[in-house]
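Each of the two complexes below includes chain A, the first together with chain B, the second together with chain C.
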Partner chain A sequence: MTGSMNAERDVETLIEGADGSDTLFEYQPGSSLLHRLNPVTKLVCSVGLVLIVFLLPDFRGPLLLSIALFALVAAAGAARSVGTVLVAVGAPLALSLILIQGLFYPENESILVAIGVPVIDQLVFYVEGVEFALLILFRLTVLMIALLGTIITTHPKKMTIALMEKGVSNKIAYVFMAALQFIPQMQERAQSILVAQQARGLDTSATLRQRVRSYIALMSPLLIGTLIATETRALALESRGFTRSGERTYLLEVRDTGFGRALRWLTALAVFAVAGWVIA
Partner chain B sequence: MSRIVFENVTYEYRTGESPAVEDIDCEIDSGSFIGIAGPSDAGKSTFCRLVPGYIPHYFDGALDGRTVVGGADIADASIGDLAGQVGMLFENPFDQLTGASTTVLEEVAFGLENLGLGREEIVDRSIESLRRVGIEELIDRNPQRLSGGQSQRVALASVLAMQPDVLVLDEPTSQLDPHGAEAVFDIVANMKSRGYTVIVVSQRLDRLAPHLDRLLVMDDGRIAHDGPPAEVLTEPGIEALVDVPEAVRVGTRLREEGYVDPDDPVALSVEAAISELRPHVETPAADGGTTRQTKPEPGVDESPIDFENVRFEYEGGVEALSGISLSMDAGCVCLVGQNGAGKTTFVKHLNGLLDPTGGAVRIEGTDTRDARVAQLAHHVGLAFQNPNDQLFHESVEAEIRYGPTNLGYDEDRIEEASERAIERLELDDVREDNPYDLGMPRRKLVAVASVLAMDTPIVVLDEPTGGQDAPGIELLGTAVEELVAAGTLVVIITHDVEFARRHADRVIALGAGEVLLDGTPREVFGRAETLAETDVDPPVITRIGARLGLSKTVLSIDGLFDRVD
Partner chain C sequence: MAGESITITDRISGRFTTLAWVLIPVAVGINVVGGALTNVLRIPLFLDSIGTLLLAILAGPLVAAVGGVLTNVVLSVVRSPTMLPFGATQAAIALVAGYLAKRGWFLIRERRDYLKLAGVAVAVATTSVLVGWPLLVWIFGGITGTAPDIIVGIFLAAGFDIEIAALGSQLVIEPVDKAACVVIAYVIATSVPDRYRPSFGQRILS
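Entry: the complex of A and B
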């Protein structure tokens, strides 16, 4: 072991504590239960929970799960980012769902509330429609919290290592990592292309036709540049043994505990149980 | 040890029309330091790609002959296996990084993970490689957010971690500013003493030549010159192929004029040139700063470019320009200064891409705040550093006609302006080609031509000579002089002080958002101490003159030899 950095812990701290990309979906360091779970366990449980809520026929189950999951995510210190996304996506979704389903759901029978409105007399919201809207809403809420919670409490490097250790190809793992880095890079380059084209007299604030033209002028160099970079990058990866067969090792150790394994089996069991109960 | 042998190697890319390299027959001894120079498209990169086996394993084409590294034919091993023997550093560091690492440590460790090494060894080797290139402190930084020079060193550390004993570097500094280039170069120069075999392709021989055991100059796919650098750089006809270092020019002239025995090998370093010159130069009592800084004249309303106490602050409070007042009237104005000095921010004010947060910029009388960028494009043509941000047409000709068409010129004027631009940058033979089929130096000329074709009274070029070969620099120089003669105001942002020395009428040094110096090249380059504040070195010939204690600032070899007797 070297002098300045010996313990395994140090490498882990170094990687997890490094500066990120400052996005909402970024990994947030921590040591909560969620943080310590094996990433694959988190993925399996997330998928399991999503399956379960889509099987459940009534909105109360998904509602309870949403609350429980949010508490778990909040305990991991991710309440703010997850909450922000939930409000930003969930609020408009809730409004439109309740409006449309509450008024027009085909199986509407029992009146929940009738609001007097001039011109069209009154708006009638039905119980069946509103309950259906809530069912869809909380199914989606569970999906968002589970996936966001997983992403925010899992360092991408650990995610890829965990996946590769479970037999996922290193190419797929690479694509996952690269995709995360890709968006901010593309934004930066799009900005410099925009500037270069404006300098050549491209008018971006003119008629629709000109705007379509400017779109081409912006997208083409972006795509061509990406393709060139991709080719060189493929070579760079190759030269670092990326396509080499044989055993790989990983910079970090991602632990998989008995508890995690039990949790995965439990999730699978729960999915089957719910499926059986719904069908029966 | 890895002796490299090329046996009659000829290679033609599948998309090529003629062989990229032809009949390469050459042996490179283990532990030697080899430089490769020559014009673009001469086959230098192809030569490089043969050593780590990228040809024939990655590139598609027809290979004849054999390349043998360390006794084994590269055709028999995979790229991944050869990586433990030969490491290659690419021109653009950003393409060499995996793009899948959140920290520098992960980046350097990437290859080692693929080799299946133990965790401790991965960490040890990664740290050792980072230490070797002097950037251990960057270990937890995001690789996407480093400067060019830092990225290139991370890329080099990633290559070194694989523990090759041959290093191939293909123009490793062409995308870097002088500061970053210097840092990379210092490391490379040390590689030989650590026992590596080093092959470096570079256009800039000034720094490289003194370290080389041997220099190969390629032309048209063949090795045209091969030998010790002092011999190769004085062979007849070499001027057309490479940018001969100033020190060698001085040495050659000393021999031609009989001051030094013509049989003595020519000096390669600036130091050596100075000691050869010293006995023949009368040094007056050195009074150093005989040049003074000229105050820029107060802005006249008619000046094409007029900056009035311009300030610019980026969101977040970083002040990039802190009160710049100047006007530009005519000629070739070169802007120099370190990265972060405000050069790019300055340029973006010239066509309204940025509006000042204080003061005013007027272009031919129009306040840039009152006009859109597209309108200002009628007055100012601006070519950015990276041609890939700019080019998107299927042919060079269409690319060049795009700007003038945008400006709404009539067909005659579009035709005339485009043809003149094509002629000026000698692009006639490739006018039907896709710009992306051309090498980077030529592609860069297309980008410049596409801006010249806009036929604007003001032309602004951002780093036009970066990564350019010797003939390309020559061509750009001539084009600039012609434009100036025709009355165009040419503004050039450059790290290339040699270009500024040869072509500028006026040099402005920016530092920390302020004008440090503003005057003729002689006035500005004579003030080495002030230039050092913004990390700019005066041209080599000027430095030689200053070191000899000449009272007048020297800007050319002729000027220097006026003092020799």
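Entry: the complex of A and C
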């Protein structure tokens, strides 16, 4: 796991190589309250908030929480990164939701607005559909801000250490870190295989059948290449005591404060309170 | 703190070898990179579970399930957190495909055996629909901001409920996509030279 600093830079190259719809996570160093919280506390609070908004039956609660969360994330200096992802993912989602649910939601009754359009006379947006669309949209907004806020204010390495200290297996931590590092590497490899196969006459604009064949011609060497490397990797890990059990010490120290513990309990309590309130 | 007692994740993962652990990130990489390559080759499918299926063939159901869940965890980090819930679909696919692999459904010796592969494709597609459908309805209300929304919209416009509309869009897309994934994963897995196949895969394919 030596390449955690590398991983950050590499994920950028990954995104550059991919199409425009991809957005990027990026750890932003800082010293705000969010940065100093224990990563596990952030995860627990995020999950709690997501549960709460999925329990709430009306869009206003999730809307308020979205605004509050965004303010919190902005205070941690992550407004731009979170905002970019929110717009890139949220905008098509919002458009799709309001258009489809606003027009066709099965329980539509009261007309919100009718827009005159040529050809089909008029488009009628209904209150029920738009409210449903907003409910789903703000639920997902809370999910996105909470998780992105956690990711952006937490160094991946700290996250894995905090999880291991809470009893998550070091192997799970390894696969998470390794996967994050692997993707840019494999993306690079796939690029060079693509170029190599194009030099051998691979046509990316042939018939669909041909292109599926090309897909296999690209993926096979990619897989075989990585499989060869995995054997070496397994031996390297084994020689560093990967499968040994026993006490471990960590280079990085992740602190857990009483405040964090209180916050976690508070989140759990809030989830139950909301659940009770919604059911009653 | 950790290490003194045996944790839950330790107990689940105790049976995995180091090689299995190393294979999991490979599957995640294949899933993510494979999904991106469909854009380069303009293939109108997602093909985002090939890595999971490959792992199911080469390393067994449990390893593949971990790889499947992790794929969506990683995707929610590098792309969008809205991908997270569909990790459940990946895990279910992995378990089904891995179980069928253990039962020898990927072992093709004669022409007739291709029916088994078709059977796997049907099973995987069905699983994907059965797990993905409720997630699509409960979490997203049917709309995810991607191309299949159009199909959901058409169904809703025709007067169907959200449940039916979501099922409809899943039935239009998933069978083709997952069947293609199964076939492609099989072809790629068999193209791996025997000596580089993990031992599970060696037993499954030969």
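For this structure, a couple of remarks:
Definition applied: the second predicted complex is superposed on the first by the 255 of 280 C-alpha atoms of A that agree within 3 Å, B and C clash if a C-alpha of one lies under 4 Å from a C-alpha of the other, contacts with A are read in each partner's own complex, and residues count from 1 in each chain.
Definition applied: a residue touches a chain if its C-beta (ideal position, glycine included) is under 8 Å from a C-beta of that chain, and two chains touch if they have at least 3 such contacts.
In this text the structure is predicted, and so the values were computed from the model without any measurement.
Once chain A of one complex is fitted onto chain A of the other, the partner contacts of A:I183 are limited to chain C, with no touch recorded for chain B. When the shared chain is aligned, no partner comes close enough to touch A:A262: not chain B, not chain C. In the overlay built on the shared chain, the residue A:A68 is in contact with neither chain B nor chain C. With both structures placed on the common chain, the touch criterion links A:A273 to neither chain B nor chain C. Touched residues of chain A, counted separately for chain B and chain C, are more numerous for C.
Once chain A of one complex is fitted onto chain A of the other, the partner contacts of A:V168 are limited to chain C, with no touch recorded for chain B. In the superposition on chain A, contact of A:I111 is made with neither chain B nor chain C. When the two structures are aligned on the shared chain, A:F132 is found in touch with chain C, with no touch to chain B.
Contacts of A:V87 after superposition: neither chain B nor chain C is touched. In the superposition on chain A, A:R200 makes contact with chain B only, not with chain C. Within chain A, the residues touching chain B in one complex and chain C in the other are 11, 14-15, 17-19, 170, 174, 178, 181-182, 185, 204-205, 216, 220, 224, 228, 233-234, 237-238, 242-243, 246-248.
Across the complex, chain B is touched by residues 1-2, 4-5, 8, 11, 14-15, 17-21, 155-157, 170, 174, 177-178, 181-182, 184-185, 189, 192-193, 195-206, 216-217, 220-221, 224-225, 228-229, 232-244, 246-251, 253 of chain A. The touching residues of chain B, when paired with chain A in their complex, are 52, 54, 58, 78-81, 83, 87-88, 90, 92, 94-103, 105-106, 109-120, 122-124, 127-128, 136, 139-142, 144-145, 158-159, 162, 348, 351, 353, 372-374, 377-378, 380-384, 386, 388-392, 402-403, 406-407, 436, 450-451, 454. By the touch criterion stated above, chain A contacts chain C in their complex at residues 11, 14-15, 17-19, 22-25, 54, 85, 88-90, 92-97, 99-101, 103-106, 132-133, 135-136, 139-140, 143-144, 147-148, 151, 164-172, 174-176, 178-183, 185-187, 190, 194, 204-205, 208, 211-212, 214-216, 218-220, 222-224, 226-228, 230-231, 233-234, 237-238, 242-243, 245-248. Per the touch definition, chain C reaches chain A in the complex via residues 1-4, 6-10, 13, 16-19, 21-26, 28-30, 32-34, 36-44, 47, 50, 54, 66, 70-71, 73-74, 76-82, 84, 139-146, 149, 152-153, 156-157, 159-162, 180, 184, 187-188, 191-193, 196-198.
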